[in-house]
Every structure is written in C-alpha cells, then in structure tokens.
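Residue numbering begins at 1 within each chain, and the chains themselves are lettered A, B, C, D, E and F in the order written.
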Amino acid sequence: MENLAQLWSTSGLAQMSLGQGVMILIGMLLLFLAIRKGFEPLLLVPIGFGGILANIPGGGLAYSAVENALYSGDPLLLAEMAQVLGLAEVEQLKAGLAAASLHSMTAINVLALEAGFSDGMLYTFYNVAIASGVAPLVIFMGVGAMTDFGPLLANPKTLFLGAAAQFGIFATVLGAAGLTALGVMDFSLADAAAIGIIGGADGPTAIYVSSVLAPDLLGAIAVAAYSYMALVPLIQPPIMRALTTAEERRIEMVQLRPVSQREKIVFPLVLLILVALLLPAAAPLLGMFCFGNLMKECGVVDRLSDTAQNALINITTIFLGLGVGSKLVADKFLDVSTLGILSLGIVAFCIGTASGVIIAKLMNRFGSTPINPLIGSAGVSAVPMAARVSNRVGLESNPHNFLLMHAMGPNVAGVIGSAVAAGVMISLVGG
Amino acid sequence: MQGDIVAQGIELMVYGMGTVLVFLTLLVFATTGMSRMVNRYFPEPIPAADTSGSADTAVDARLVAVISAAIQRHRVAQAHEKQPGSRQGS
Amino acid sequence: MENLAQLWSTSGLAQMSLGQGVMILIGMLLLFLAIRKGFEPLLLVPIGFGGILANIPGGGLAYSAVENALYSGDPLLLAEMAQVLGLAEVEQLKAGLAAASLHSMTAINVLALEAGFSDGMLYTFYNVAIASGVAPLVIFMGVGAMTDFGPLLANPKTLFLGAAAQFGIFATVLGAAGLTALGVMDFSLADAAAIGIIGGADGPTAIYVSSVLAPDLLGAIAVAAYSYMALVPLIQPPIMRALTTAEERRIEMVQLRPVSQREKIVFPLVLLILVALLLPAAAPLLGMFCFGNLMKECGVVDRLSDTAQNALINITTIFLGLGVGSKLVADKFLDVSTLGILSLGIVAFCIGTASGVIIAKLMNRFGSTPINPLIGSAGVSAVPMAARVSNRVGLESNPHNFLLMHAMGPNVAGVIGSAVAAGVMISLVGG
Amino acid sequence: MQGDIVAQGIELMVYGMGTVLVFLTLLVFATTGMSRMVNRYFPEPIPAADTSGSADTAVDARLVAVISAAIQRHRVAQAHEKQPGSRQGS
Amino acid sequence: MENLAQLWSTSGLAQMSLGQGVMILIGMLLLFLAIRKGFEPLLLVPIGFGGILANIPGGGLAYSAVENALYSGDPLLLAEMAQVLGLAEVEQLKAGLAAASLHSMTAINVLALEAGFSDGMLYTFYNVAIASGVAPLVIFMGVGAMTDFGPLLANPKTLFLGAAAQFGIFATVLGAAGLTALGVMDFSLADAAAIGIIGGADGPTAIYVSSVLAPDLLGAIAVAAYSYMALVPLIQPPIMRALTTAEERRIEMVQLRPVSQREKIVFPLVLLILVALLLPAAAPLLGMFCFGNLMKECGVVDRLSDTAQNALINITTIFLGLGVGSKLVADKFLDVSTLGILSLGIVAFCIGTASGVIIAKLMNRFGSTPINPLIGSAGVSAVPMAARVSNRVGLESNPHNFLLMHAMGPNVAGVIGSAVAAGVMISLVGG
Amino acid sequence: MQGDIVAQGIELMVYGMGTVLVFLTLLVFATTGMSRMVNRYFPEPIPAADTSGSADTAVDARLVAVISAAIQRHRVAQAHEKQPGSRQGS
C-alpha cells in the first residue's frame, strides 16, 4: 500500500500544476507550428519538445540538484541548506538561494548531491551547451561555413542596409526601458538589451546574448526570435509595401560583378581584423563566424567545413534546442515579462524592417546606382527567408525583376550587424 | 531611478547604433579596398567561383544528357523489343 | 641502472596480477565473440577492447586520480589522505574512501591531483558518458529515430505482449533477492533491480538503470545484456517450441492495415503525455526515445534525424562502450556476484520469452482475431533480432507464413515496456 | 532482514509489473483512440508512409531498369565491335 | 561621453600591444602557409586562426577567468586575491598565482567568477579538448582507423626503420639539455623531452606529450611539429641523397606478399598486448590507435569506424586546432624558448631522417633481402608524406622503381615508434 | 646542476632509445610469429584484403566501362541526329 501511495505521489497527475499543463500545451503548439506550419522546425521542434519535457510534473528535468531538493521538500535537508546560508527560516530559502554566493552554492550543491538529488537532464544540456556559451558559437561557426559572401562583396554598400536594420534592436531596448519606467514591466538594462537583440533576427546571437545578460529570459527570447523569424513572410511585406512606391518596387538593379575566390578568402580575415581592432567583445561570435566562413572558402579543409555544416551543427542544434526548452519551465516562463518580450520582439522586427527599407530608399535617391528599396528589409538577417521575401514582393511589381541575389548582400550584412550590436551590448551592459 | 533606465536606454541606443554604423562603414571601406587590391595585385586567371560553378553545371548538364540519352535508348530498345518486326521493317 | 629499475617496475609484466591476466583473456573472448560470431559487435567490440585497456597492469586507465594514488602507494601521500578522513591507519584508507563524504573526497582528490596523479582515460569516458546519464539517453534518442512504430500502430494490442515479456525483469529481481536471502549472493534491492533489467533485453536501458542503482555491477550487467541479446536466436526457439503446439505455430495473421504518417507523428506525443502523467521517473529515457522518433516521423528535421541515427549515435556508442569497459577492471568484475548476474540474466531472458509466448497464446484463445503465439517472444525487445527469430520459427511450421512485421509490434512494445519498468525501479528503489 | 529483501522483492514485482501492465494498457487505449481520431478527423489523402515507400520503389525500379539497359546496350555494342561483320550481316 | 570612453578603452586599438600585433601577423602567416602553400591545412588553419583570436587585444579569449581578472586590474579584486594567497603586495600576484596550490586557485577562481569574469572561449576549448588529453587520443583513434598495416605485416623488418628514426627524438632531448647546460636556453628535462618529440613527426603524439610534460611550450611545439611535417618534401631529399649512393637508390625491392584480413585483425591486438606487458605509459595513445585500427579491420563495426574517420576526427580537429591556438598568445609564445624549439625541431627531423636512412643502408648491406635505403627516411612517420618522398626520390634514380608501398611499412612503424618513445618519456620524466 | 641536465638527457636517450628498439624488436618477432600462426592454422580461402581490393577494382572498371559506353552511345546518337542522312546511308 505504501508503495502504491509512493507510486501515486510520484506520478505526474498527482503533482501537475496548472502552469505545467499550460506549458505542455504551449510546447504542443510550438511543435504544431514547427511541423505543420514549417516555423523554423530545426529549432522549434527541439525547443517545443524540450519545453514539454521541462514541465513534466515531478520529473525535475529542467532543475538543478539543489532545485530538485528544494521542490521535494525534505525538511531536514532544507534546514541544513538554510543553515549553510545562515537563514533562520526554511521559507526564506528560495530567496536566499537566488542571492547566495558561489561558495555557499557549492556547499549546498554538495548537500543536495549527497542526499541523492541530481541535476535534471535538460538542466545539464543547458549548462553544457548554452551557459558555457559553446552551442551558439558552434552554430555560428556552422552558419559561417554555409554563408556565401559573394553578393555582399560584389556590392559592399549593402552593408549599410545591414547596419540600418539593427535600429530595431536599439529602439526595442529603449521600448523595454520605457515600459519599465512606466511601471508596466520590470526589466533591468541588461534584460532590455537581451530583449532588443530579438530584433537582430538571429537565433544564435539572441541566445548567446541572453545567456550572458539575462539567462532567466532566455526561453522567451529564443521562442520569440525563432517564431518571428518564421513569421518574416507575414510580418515584412505590408511594411515594405507601405513604405515604398510602386515605382520604387519596380527598380531593376545592375547585375552583380563576379567575385573572385581570393576576395572570398580574404574577406573573413578583414572582418576579423576589424573586430579585433574595434570591438573585442564581439570576437567570440564574429570570430567563430569568420572561422567557419574561412574554412568554407579556403578550399583546403573541406572535410572540416563539411563537418561544421553537418554533423557538428546538427548535434549542437539538438542539444541547444533541448537546452532552450529547459527555460520553458512554467515558473520561469509563465510570467508577465514573457508577454512583454513577445510584444517587444515583434515591434523590434517591424522597426528593423522599416529602417532597412527607409535607408535603402535614401541610398537609392542620393546614390549613383539604382537600389530597389525592397532589399532593405533583408537587412534584419533571418537568412535566407528575408531575402526571399524581398524577391517575392519585387516580383509582384515587376515579374522580370529577380532581387534574390541583390537581397543576399544586406541579408548576410544583417548577421554581421547584429553580432556587432551584440558585442556592443555585452561590452556596455555586461562589463 | 526609473527615469534613469530610460536615460541609460537612450545612451545605449546612441552608442550602440553609432558603433554598428561606424563599424559597418569601416567594413565597407575595408572590403572595397581589399577587393580592389586583390583584383589588381593578385588577380585570378578566371574568377574561381564562377568557373567552379559553371564547371559543375557543365558536368551536371552532361550527366543529365547522358542519363536522359540512356533512358531514351532504353525506351527505344523496349519499343523495339515490343514490336519484333519493326527492326526488319525499318 | 636506477632508470632501468624504474622502467622495469613500471612495466606491465612486473605488475601483472592474475586477475588482470584473466580479464585480458575475457576481453579477448568478447572481441572474438563480437568479430567472429557476430555477437552485438557495435557494443561488444568497444566493451571488450575497453576491458583489455582497463586491465593493463600499471596503466590505471580505469581508475580515478585518487585510486591511482592509492595503488601507487606513496606513503606520505596516503598518510595525508588518511588524515583528511580522520583515520589513524593507512590500511583503513580503502574502506574509508568508499564511505567518505563528497566534501572529503573533493579534498582528497585535490591532494591526488597536486601529487601528479590524474584520472585514467576510461574513467573519464565513464564519468562523462555514463555516470552523467548522457550516453544511454543519446543512444535511446538514436534508437527512437530508427524505430518504425507502424506495425505497433496497426495492431496496438501487441503492446500487451511487450508488457508480458517484462515479467522476466521482475521475476529476476525476486530471484536475486532470493539468492541473497539464501546467503548465496549478497545483493541489495537496488542491485537486484539493476540485475533484473537485463531481462529487458535493452542495452541502453540496462546501462542507464545500472548507472543509477548499481554502478559497481554495471560492467557485468552490460556484458550480460549484450551477450544474451546476441544469443537470442539460440535461447528463444526451444522455449517457443516447447510452449506452443504445431497448430498454433502455423496460425496466419491478418495483414496489417496501412498506417498514416499523421498517426506516426502523433504517437510519440501520446506516449510522452502518458509518461508525463503517470511515470515521470521514466521521462528521461522515454522522453529522448519519443524525441528521436518524432524527429524521424515529422519529416521537417531530417538533417537532425539523420545525425541522431548516424554520427551522434556512433560517437556515443564508442565512448559508451569504452566507458563500460572501465567497469571490467579485475578487482570489480572478478567477483562471485558476476557469476550471479550472468546466471540470473539468462533466467530473465528465458522467463521473459516464456511470458510473452504464454500471453500471446491466451490472447489468441480468448481474442477475436487470430494471433500466432510465436510473436509473443519478440516482446522482450532485442530489436530486431527477436522479431526475426519469431519469423524464422514460424517459417519452420508454415513456409508461407511471414510473421516478421507482426512480430515488430511486440518487439518495439518491449522497448517501451522495459523503459517503463526502468522508471518504476528508479522511482521505487532509487528515490 | 534477509526475509525482508524477499518481501521487498515481491512488493517490487507486484507494483512494478502492475505499473507496466496498467501503463501499456492505457497506451493501447490511447493509441487506438488517437488512430481513430486522426483517421476520422485528419485523414491523409493517401497513407503517406506507403506512398513514399512505393514512390521510392518505383524510382528505384526505374533506375535499375535504366542501368541494366545501359549495361545491356554496352554489352551488345561490345559484341558488335568484336564481330565486325555482324552488323552488315544483320 | 563616459560610454564613449568605455567603448574606446575596451576597443582593440587602445589596448593592442606590440606582441599581440606580431602574433596576429604570425597567425596570418600560418594561414597563408596552410592555404596557399598547403602546409598541413587541416591543423594549421584552425591553429593559425586560433592564434589570431587568442591575441585579440582585450578579448581575453585565451585566458582563464582568473587571468582575465588579473589583466583587467580591478584593484579591490586583486587585493582580495592577494589576500587569499597571503601576499602583502598585489605586484606579487602573478608570480603567486603561478605557484598557488590547487586549493587556493579554486578560491581565487570563485572570486573571479563572482566578479563577473569568465574563462575565454579558447581557454575552454584547450581545457576540454587538450588538457584533458581527450582530443589527441580521439585523433589517434581516427588515425588508427585510417591506417593500413598491410605493408608493415608483409615486411615486419621495416619496424626497425621506424625505431631508428626515433633517434631524432632523443638526440634532440640531449640537444635541449645541452643548450640549457650552456646557458643559451632554460629548459627543464620535461621541456626537453616534450621538445624532442617534435622529431617523432606526429602531431597528436607531440600535442599529447606536451600537454602532460610542458603545457607552456605546447603552442610552439605544435606549430613546429605541423610546419616541419609540411616541409618534409623539402627537408628530407637532400639528406637522403647525401647519405646514399646512386647505386643504392636504384635498388629494387621484392614485391610484398599479400596479407590476409585475419593477420590485419590480430595485429592491433598483438601490439596492444605488447604495450600492456612492457610500457603501460604508452597505453592511452597506442591503445586508442589499436582500437581505431581494430574497428577498421574487423569489418563488423563499419559504422563506428566510418564515424571515427570522419565526423569524430573532424570535430575533434577543429577544437584541437583552436585549443592549440590558445597557446599562441603573445606573452607565452613570444619567448626566446620558441626560437629554441623551432631550431631544435628541425634538427630533430634531420637526425631522424638520417638515422632511418643509415639503418636502412646497414640492413641492406648485412641482410639477405635487398632494401632500398630511401625507405628509411619514411620511418620518421609524417604519414603518408614521408613515404611519398621516398617514392619520388627513388623514381629520380630509377624511373621504374615504385617504393611507395615499401615505404609505407617504416612510415606506419614510425607512428608506433614515436608513441613508444612518448610512453618512455612520460614514464621516466613525468612520473 | 647544469651538468646534471646533460647527464639526465644522456640517461633518457640511452633508456628511451633502448626501450624503443627493444619494443619494436619484440614487435617484429611477435608480428612474424603471429603471421605464421595465422597463415598456418587459420588460413583464409583467398587473401581477403586483395580479393576485396580487386573486386572493388573490377566493379569500378565495369562501372567506368558502362558509363563511358553510355557517353559514347550518346555521342554517336547525337552525331546521327545531327546528320539525319547518315543512318540511311550506312
């Protein structure tokens, strides 16, 4: 009988909270969007599934050994833990742990491990893959190894569009700060910076910045970033049409010059040197990106480049996705701040799109070579989706006007731009 | 304090957006200069990217042609087998 | 001269113990069985080779830094270690270490590292891959990505056969407990539970449960599990023939209905929800299994699914195998308990096979659709070997009766069944 | 104490085997219900698994046919080359 | 304004030291040699790129959290650190840290982490991949899985040539010791041993030995090892021609007998047993090498062998290379000892080549079967470059004399030879 | 002390080089013995390595032949199509 009671008490039904139920449904929704609607499935399938796993009642997959000990509620153990922190009451333990020094945490962790508690699977994945910073960097290396800078090199001015679209990031930072000032939300400046980076439309960059500046918001930020990247074909066209005249949308651009292999080999090194000289805080992200691109272009390490583009990035994506899922645990995700993040994120996308288009219009008006303003929206990155959107909207107005290759320039420039923005954020806010 | 965070946000926006612009502007110049230098002092006989691309395409086109031809021959052969008298008649 | 003496004293010949010699021969035997006889070579080649490496005299590849310090016998260091534990005599050190708190172990480990000792290679592999629980989980994900639930979905009643065959697990737990009660062996309940899981005929499940409940027995349990899985074509047919009539063996089953892709996509989620609601302790194993299967079936993350089925599972298998090999070190493996484990393991297989066949007979007799009892034996899992055995024995009696697809249902049900059993064990015994 | 472990073993067997049975029984019902729901409310035009399978098979069969035909032609061609008089004679 | 000052002060230009500039140029040189000249690109591209990343001023990618704290120079934090070490003056901190016990280092590390410093990316790669010993071992496993021992088995006497060429290693040890005795350099015996191993012409072996015996010199040793391996076609031919007569270079060797698959399967086990009996210190390196080779030859674990030869070795190479790059940080690499290492390294190659050729001459003169002395130079390993050099120099004298397969015997023997030498070093010097 | 390191270096050289020689000499004997034993007591019907090698080569050769033949046929066919009268004329 005792066993039956133990089995029942350890079952999920007996322990399920409302929040966990809601989060399991949200996980299912993410899987539905990824599988049926094709929303960035490579990330949203693991994130959604991880989100479900994280909210299995009593599973504790997303908790550390200490958190698992805390939720199991063994009074003697909790008393011992409180004692380590010098707390009189066990009730203060949760708050005490949040503020505990690394030294006390180590001691409390030993207590939890000796009592038989262990880190949950997803917690381990999060720590190894994300908190260490490794997974986003490895994915960035793989993205670098898949990126062709040819269109950018053929028309370097498109880098300005990649810069312009980052305005969405910083406007959103200001928005988050404003909401806090108005008392609607309660974000720190670091939180605001991490939220803003959603506007960069770059999954690994957003995850990397969040893991440094606002680990608690990482789940919502990653979900927002990937969801809105998937929604680019819906979000961008109305903005693009509203800001351009039919005349502008019909503009045909001059064909891109051929780019030599040597230029492609030297470009990642030029970028690296510029990062080294100006913005060391962006060096991990852009360094790995340039490394991946150099491996691809140099032509002498094809087996490394292939692995970076396939086995390595796939393995990393699996654990990154599941690790992000660990941040979808109910008591961290179901917070009013998540709504704030989701709203600010879409604003960031819209502002980024608009800035890109507007700067492209100005460049067209005051420059010597014609530029179709539709390629400006591709500056938010979301490679290659945003470039395809530019192409598609362009074809609506002029069925013979293929903007895809022209839009790839600002598109990859947007990746560089948001990595630079990430470096600035980490350098100014995180230091 | 709450006015503070807006001020900080504005500051972050100004310096952040400024850095992004300066950085990418420098990158435009550096890239343009690099391309000119490479193409003037270290030109490739033929732009490699295009060559490899077109070589691939050429090979692919040939492969497709060969395979289609094989399929074609195969069908013709089958047609001949089905009409045993056709050969003699041709 | 001194150098020559040092070289000789560090040579293997000078340090070889009888046990190490025996274990090296056992490692060779495992390699022979794997390479010549085809016994589960993917696991037994790394395990056998790891077993040889673990027993290289003086190599210390399977020992931690502390153990390596202990066996090197530097008296000053040992005295210091004894002092940390508050022991008067160095002779008590070995026993003292086994009972030491995590806190003292950390201090002793620092002593060993500062004295120049380091963790052996296989010890590191064991810790990173197995003690962390990661390797069995990743392999289970890969197995999930290789599993086709089609036959099971076409005939869900075969799940009962997958349940029935797990009786071998629990009967063996009882057997191990009985041997202890009789004084023949000395197993704890946790040991008994880990031994029983051999009857699940599932390598990663057995390794996962052992790593949680009985790490010291892991080597013997893994060797028994994989060896007996390889012996399924020899072990099962006599039992199957003994328990069935020729009439029954000739039964032809109705052809399986086609299963839609959507059912295949939803099934892992149904299974996951059931695990979440009823048995959170099985969530890591079955969660990763369902995740792998969802990646395979959903069709939108094929590159992740391919990697899970190839590069990732292969890399993990290499380190899992070598890590298991570290538990084949002579002073842990050459124990009377190993004989007990090997005997109980084969009993578990036999009982599991018999229960599966008997329940299939009953289902055939009292159900509406005909069921060939030979597919019951496939419920032990050992995918796909056991299903092939069902098919082969079926063909003996009726050369036109292909049972393979019918047996795949109970076969994959057996994987679920033993993962559920593993969850129960961990929940009741490990908690 | 030693009787204890047998009692514990029996308990573990009863609860363990019970849980396995209950769990898989529920899974039988859940699966059956799921299949019915999916096939009633979200049917696929044609069972996808089978289609893809047969499509693959079809492609494979065609490929095999084409390759065999190419080999066949090749042999015939060789035979003709070896017997230079054969063509004129045919 | 304050922000602008902060941005500028964190920029690379403001912090660049001369050494860092020089090292970035050296990194570029390595990339140039790898990409344009084809110098071992698989390793030198990641090493060169890692070297640039390591020297990004203010990036701290190659430093630990403690080092990053040290260079940032926050006076309060430094005072706290000095206090932990019981130092009166902050100026003594750098020296104090170098001599600190593991226990104090842990405390100081906690201080640095709590102050917001973290381990640099390359430092993490170095620790996880190299300091743990894992990456060189995994690469050795992959190399084993790519090695064909057929030519060696057909003519086992070529093992003597693999032994002879290791004389370069030990002569260089003596040279390094001599330079120290003369006061030109300041190497310890462990340093000398690690430098000597460059003469083994085996990248992973050199990195493994350095990581154990002389981590500070690892960068220079790895760069020297791979650069000289790439230079084998330039270094060896003059020595080979100088030491042989035209008559000898024309010698044709008898065709190799066919080798059965069974011999190939048993060979790695024979080698393993010999290592186990005689030289346990070489067990990790040669054990993994034999394991890789057994996986390849046994024919039943092809999927593991494929992964070991592809995804796994490629992934490991990427992180090994970047990790080695972390040792190219200016204040560690730009030292007079680096010049010593580069000079001694090339001497080691030359002596190894010469010894191989000379012993081959002797074997030809006093043996029964003719041996072309040109295959002796292949004994340094540098697989398969050195064997190709033997073949090419042979063709110069006798255009019908293909020595390639004959030279593969000493070539792979050289791998075994230098791994044995590594074991001796670690056993005698590191113990 | 500084003379010391040279002495240690010499010692290391003597013992190190000695071990390498002894080890590889033993390996020569062990390998030779192993090969003899395997080939006497466990001979393979045909040396597997060579067989597999030649089998591969054979397959490759055949494949190359077939593909070349297909290309050849394809060219001939194209030539015929370009010269419509040629067939009738042959």
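Going forward, contacts are C-beta pairs under 8 Å (C-beta built on N, C-alpha and C of every residue); 3 or more make two chains touch, one makes a residue touch a chain.
In this text the structure is predicted, and so the values were computed from the model without any measurement.
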Maximum centroid distance from chain A, chain identifier (CA atoms): F
Greatest separation from chain D - chain, by CA centre: E
Distance from the mean Cα position of chain D to that of chain B, given in whole angstrom: 36
Two or more partner chains touched - positions in chain D: 12, 15, 19, 70, 73
Contacts with 2+ other chains: residues of chain A: 3, 7, 278-279, 310-311, 424, 428
List of chain E residues in touch with chain F within their complex: 150, 152-153, 156-157, 159-160, 162-163, 166-167, 169-171, 173-174, 176-178, 180-181, 183, 188-189, 192-193, 258-264, 266-267, 270-271, 274, 278-279, 413, 416-417, 420-421, 424-425, 428-429
Touch list for chain E against partner chain A, complex: 3, 6-7, 10-13, 15-16, 24, 28, 31, 34-35, 38, 41-42, 45-46, 49, 52-53, 55-61, 110, 113-114, 116, 121, 124, 310-311, 314-315, 317-318, 322
Residue ranges of chain E touching chain C (in the complex, touch as defined): 101-103, 106, 132-134, 137, 141, 265, 269, 272-273, 275-281, 283-284, 287-288, 290-291, 294-295, 298-301, 303-304, 306-308, 310-312, 424, 427-428, 430-431
For the chain F and chain E complex, residues of the former touching the latter: 2-3, 5-6, 8-10, 12-13, 15-17, 19-28, 30-32, 34-35, 38-39, 42-44, 47-50
